[in-house]
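Below: a set of structures, written as structure tokens.
Shared between the two complexes below is chain A, which has chain B as its partner in the first and chain C in the second.
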Partner chain A sequence: MTDAVAIDTGADTRKWGKYLYVSSVVLLCAWVIVPIYFLMINTLSSPETVSSFPKPFFPEFDLGSLKFFAGFAGMLTALKNSVLVAGMTMIMSILIGAPAGYALSRFEFRGKGTFRLLILLTRAFPLPLLALPLAVLFIRTGLDDTAFGLALVHTTLALPFAVLITFSLFSGIPIELEEAAWTLGCNRLTAFTKVVLPLILPGITASAIFAFVISWNEVFAAAVLTIENRTLTAFLLQNLDTSPLHLKFAGGFILVVPALIFIFVVRKYLFAMWGIANR
Partner chain B sequence: MAEIQIKNVAKTFGTYQALHDINLTIADQEFMVLLGASGCGKTTLLRIVAGLETATTGEIWIGGRRVDHLAPKDRGIAMVFQNYAVFPHMTVFENIGFGLRMQKLANDEVKRRVERTATLMHIEQLLNRYSGELSGGQRQRVAVARALAMEPDVILMDEPLSNLDALLRMEMRAELKGVLAESKTTAIYVTHDQVEAMSMADRISVMHQGKIVQAASPIEVYRNPAAEFVAGFIGNPPMNFLSATPAGNGKWTVAGETLDGPNATAPLQFAIRPEDMQLADTGLKATAKVVEPLGAHLLVTCDVNGTMIRAILDSDHKVKPGDVLTLAPQPDRVRWFDPQTTLAVA
Partner chain C sequence: MNARILPYVLILPVTLFLCLFFLYPFILVAQQAFSTGSGFTLDNFRDVTSHWKFPISMKNTLLLAAAVVPIQLALALLMATMVSRMEKGRDLVLYIWTIPLGISDLAAGLIWLAIFEQSGFLNTMMSGLGVVDKPVNLLSYQHPGIVFLAIALAEIWRATAIMLVILVAGIGLIPKEYYEAAEVFGASPWKRFLRITLPMLRPSLQTALVLRVILAFEIFAVVAALGGTLFPVLMGETYAYQFDLLNGGAAAAIALIILAISIGFTLLILRLLRVPKGASI
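Up next, the complex of A and B:
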């Protein structure tokens, strides 16, 4: 008798636990997905629908808002700037980050642990703190208001991640593979290009996309360091109060899309970086 | 001509000394086996010869040329790694052909050599597979084929057959030996399998704690071990030891028996192989403890004055645990070791 009761309550708690679990999952998903969904609906609706009420629950697939967005003065240039800066950031952070990651994984040197810590520490300085001296420095060197100058700043933001992700990638490649290549007629460089690179290429791509997205999403440095050559984030920020609703939606949507794609592409490598087992 | 000379090579990792003053000359076309227990420094020595590790002190000469400062690719060597190191992003064909492509050989030459070595290693039906689709033993054979295809002057092999089953290993052993003899390759072959060492080697270097204890032909290592370690390491079961006290005039007292021995005044270790003792009327008194029939032979573990020794007797003898045997050591097979230095005494 007592046994049955005990089992009952056990099953009950388990059931409640399961409800709680499922509902928190649903809640968390909704938290993320609902705003994105509304963003999408509004982007793909005509400007009139966007300003009306109540809102539809399904997109009309009207490209009016996007057309307006494309036609808005300066918007396409800003988009182009964003792509340009993010592209440069991506290339520079891989070119600088991957060799650093390789060195960290393959060579023993003094202060290696400190170096790894310092890489992360660069993220500890808030950008607003650095923005003013940077702006002054850039004006002096003529880098202000250029895509390259902004890309440099974004590279410093993306670099820690590039180094740490590539470090974990290289560490996953047994050194014996390289050594075997050396004994088979390769020097360090050819062994790298013929053996290591093909093996880590997917991971490198992921870390490149990560750098791209970091630059793409960055708004503060972009707003401070550029005037004419604004990136999309800075441009939208600047025109936020003056622009019509459907323009904001379209701009927001364009900004969100790369980040979403990124999450899907690189989630595996992010888990690897954080040391979480993944499949 | 590819003679290998290892001169005064020592290696320390931090504070740990992995190799102590190694001196070894491997003649052109010789098949040298490095034999030793796990962790004794075999791989380290091989990697120093290959140029994957730098010696702390000492020199490496290959074919009359000092190679210490040369990259692995410039030493005229090929290596089989203990953990295979088969490239996962290439097929078996591409793996075996990798070194040949690096030499910029023509396509049909690459194809010819890859197919020949693959056939040799019995993996010709696996040429289109990726490393992830192979078993450990198959991967190991790919690694060997990849080194053989290079047709190097010197081949360095780190336990290349360790992952094969007994039958295949026996077959590969013979084939590998034949191929290397035919191609006139100088080989250093690392193993901790003494049967492999005995059957393949021209010479065996027995390593112990970072030192080479003895480098000699297999039969010499077996019959005349230079040190107690070698005597106790080689042979299955290994040599028996009994302490002996001098009785003067080259006579020794071993477990109450008087035997002929070297002229010395300090106590020595008497040593004899299990198969070199026969049942006789006079000899060591041994009480049988465990009797293991091995088909042709009986392996008898017995107690001689409190020390356990093993004897291999013909299986015609009827021996039960508890029997007292009289074991006569064959005089020309008896060896003596100095317990102070652990070295053999002539």
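Up next, the complex of A and C:
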């Protein structure tokens, strides 16, 4: 799909067009990277440098800000809570979502269209708002201020994506492979575990990571539903007014790092999921 | 298990989960919004809408969406077309452009805070160029325009990627033959974009716009990090009612208002970019 545009005339215009094209690509890459680089400079500078003026344009590789971050009361617990909630969200959304993705890709059944539409519609909904009534409900059931309660809400956020991604993944595996396994003596379950599962595992991992990121990044529901057991985003948000700059920036950087890694790992699958979801 | 029941068994967990944590809270939030303890009432809505901050936060939220979403759409379209004709380095460029997809709104707010705060990089650059003598507190009530600009830039920076991904996937689905045919007939790249890419991309544009507009109304953490109380938005008011004022009914009422706006705009977009029968969102 990346055929070069071949126009024989106007070699000069073409050359300029190419320059323009390349420089816009570079410019847009810089637009994404430079702000992150600035945050990195601040994170890897001593607290004094962070609030000094003018700013250096290179990091001084001082771990003072990060040490302060790690030593700040409650911060490491918040980090631990974030990982815990995101981990639970990841597991729940795959366990609940993947069977539905499989059903959508393999079976024709009544109500399939409606089901898919409903899944898509939940995405068109300001879901974090639902944390408000759940706050009350959770107090009654003893789930308030627990990592599990928050993970339930985050799973609601991640589920539509999990269903759609696994649907597109399963659709990519020909049913003939499964049928061949059935003729060779497998039943539905063993055919699934022996043939489909190994093929699908990388994709499942990717969608699990996606669920992790959704939970890791979520601010509103986390801030509403936790008080003592704050996640990192909720903790940072709560302390925005009072915390010094270097704490904010170090916290922001810790939030960004997993994102960089995760997007790199799942980059191949980002497009497949939306491609199918479009049709 | 036979093949007639199996699919229903497989979708049962999702259905139950969404009923419990999506439909039920939705009913609860409506209940909470329409009651103050004794029966049906509109008091919560009256309270909320008569508060002096409400019109401002409504205006801010809508203005921000109106400023940000069209720019993001144009930028995402530009980036998607650029990527689609790229030969070398496509994967790397796409990775870089989709990085913000994984970055939370709070982190994005903090990233742009590093640029706009008083001892930040923008001030450093400006004083280096001699535009200002000493660092200016850009994010203060004296510069409402700059606060707006900072928030808008952070939003554009962060959330263009989600549209880009949807549009790149959509462009990948357009048959290459159409472009080849157009080229044979001598259509310029711009013509091809207008006559093939845009119309064929309609389903993706629909998805991208719906998702983006809804997220735009949910804007919260970016504003909290950059503007604080200088720039009230609806979602921030919801949070304030729930937490600072401990008024769950009012928070629920604003939540319902945000929901109503979101649904209204979703329907509008679906209607404007109607896809011919046979395709869904």
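As a working rule, the second predicted complex is superposed on the first by the 246 of 279 C-alpha atoms of A that agree within 3 Å, B and C clash if a C-alpha of one lies under 4 Å from a C-alpha of the other, contacts with A are read in each partner's own complex, and residues count from 1 in each chain.
One rule holds in what follows: a residue touches a chain if its C-beta (ideal position, glycine included) is under 8 Å from a C-beta of that chain, and two chains touch if they have at least 3 such contacts.
Note that the coordinates shown come from a computational prediction; the quantities given were computed from them, not determined experimentally.
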{"item": "Fit or clash between chain C and chain B when superposed on chain A", "value": "fit"}
{"item": "Partner chain in contact with A:218 - chain B first, chain C second, else both or neither", "value": "second"}
{"item": "Touching partner for A:107 - first (chain B), second (chain C), both, neither", "value": "second"}
{"item": "Chain A residues touched by each partner, larger count belonging to chain B or chain C", "value": "C"}
{"item": "Partner chain(s) touched by A:20 [first = chain B, second = chain C, both, neither]", "value": "neither"}
{"item": "Contacts of A:187 with chain B and chain C, given as first, second, both or neither", "value": "first"}
{"item": "First (chain B), second (chain C), both or neither touched by A:11", "value": "neither"}
{"item": "First, second, both or neither for A:76, with chain B first and chain C second", "value": "neither"}
{"item": "Minimal inter-chain CA distance - chain C and chain B, angstrom", "value": "10"}
{"item": "Shared chain A contacts, counted only where both chain B and chain C touch the same residue", "value": "none"}
{"item": "Touching residues (chain side chain A, partner chain C) in the complex", "value": "1-5, 21, 24-25, 28-29, 31-33, 35-36, 38-39, 41-42, 50-55, 57, 95-97, 99-100, 102-104, 106-107, 109, 112-113, 115-120, 122-130, 132-137, 152-153, 155-156, 159, 163, 188, 213, 216-220, 223-224, 233, 236-237, 240-241, 245, 248-249, 251-252, 255-256, 258-260, 262-264, 267, 270-275, 277-279"}
{"item": "Touching residues (chain side chain B, partner chain A) in the complex", "value": "50-52, 71-73, 77-79, 81, 83, 85, 87-89, 98-99, 102-103, 143, 146, 150"}
{"item": "Complex contact set, residues of chain C against chain A", "value": "1, 3-4, 6-8, 10-11, 13-15, 17-18, 21-22, 25-26, 28-29, 31-32, 78-79, 82, 84-87, 90-91, 93-107, 110-115, 117-121, 123-124, 127-128, 135, 157, 165-166, 168-170, 172-173, 176, 189, 203-204, 207, 210-211, 214, 217-218, 220-221, 224-225, 228, 235, 238-239, 242-243, 248, 251-252, 255, 258-259, 262, 266, 279-281"}
{"item": "For the chain A and chain B complex, residues of the former touching the latter", "value": "174, 176-177, 179-187, 190, 194-195, 198-199"}
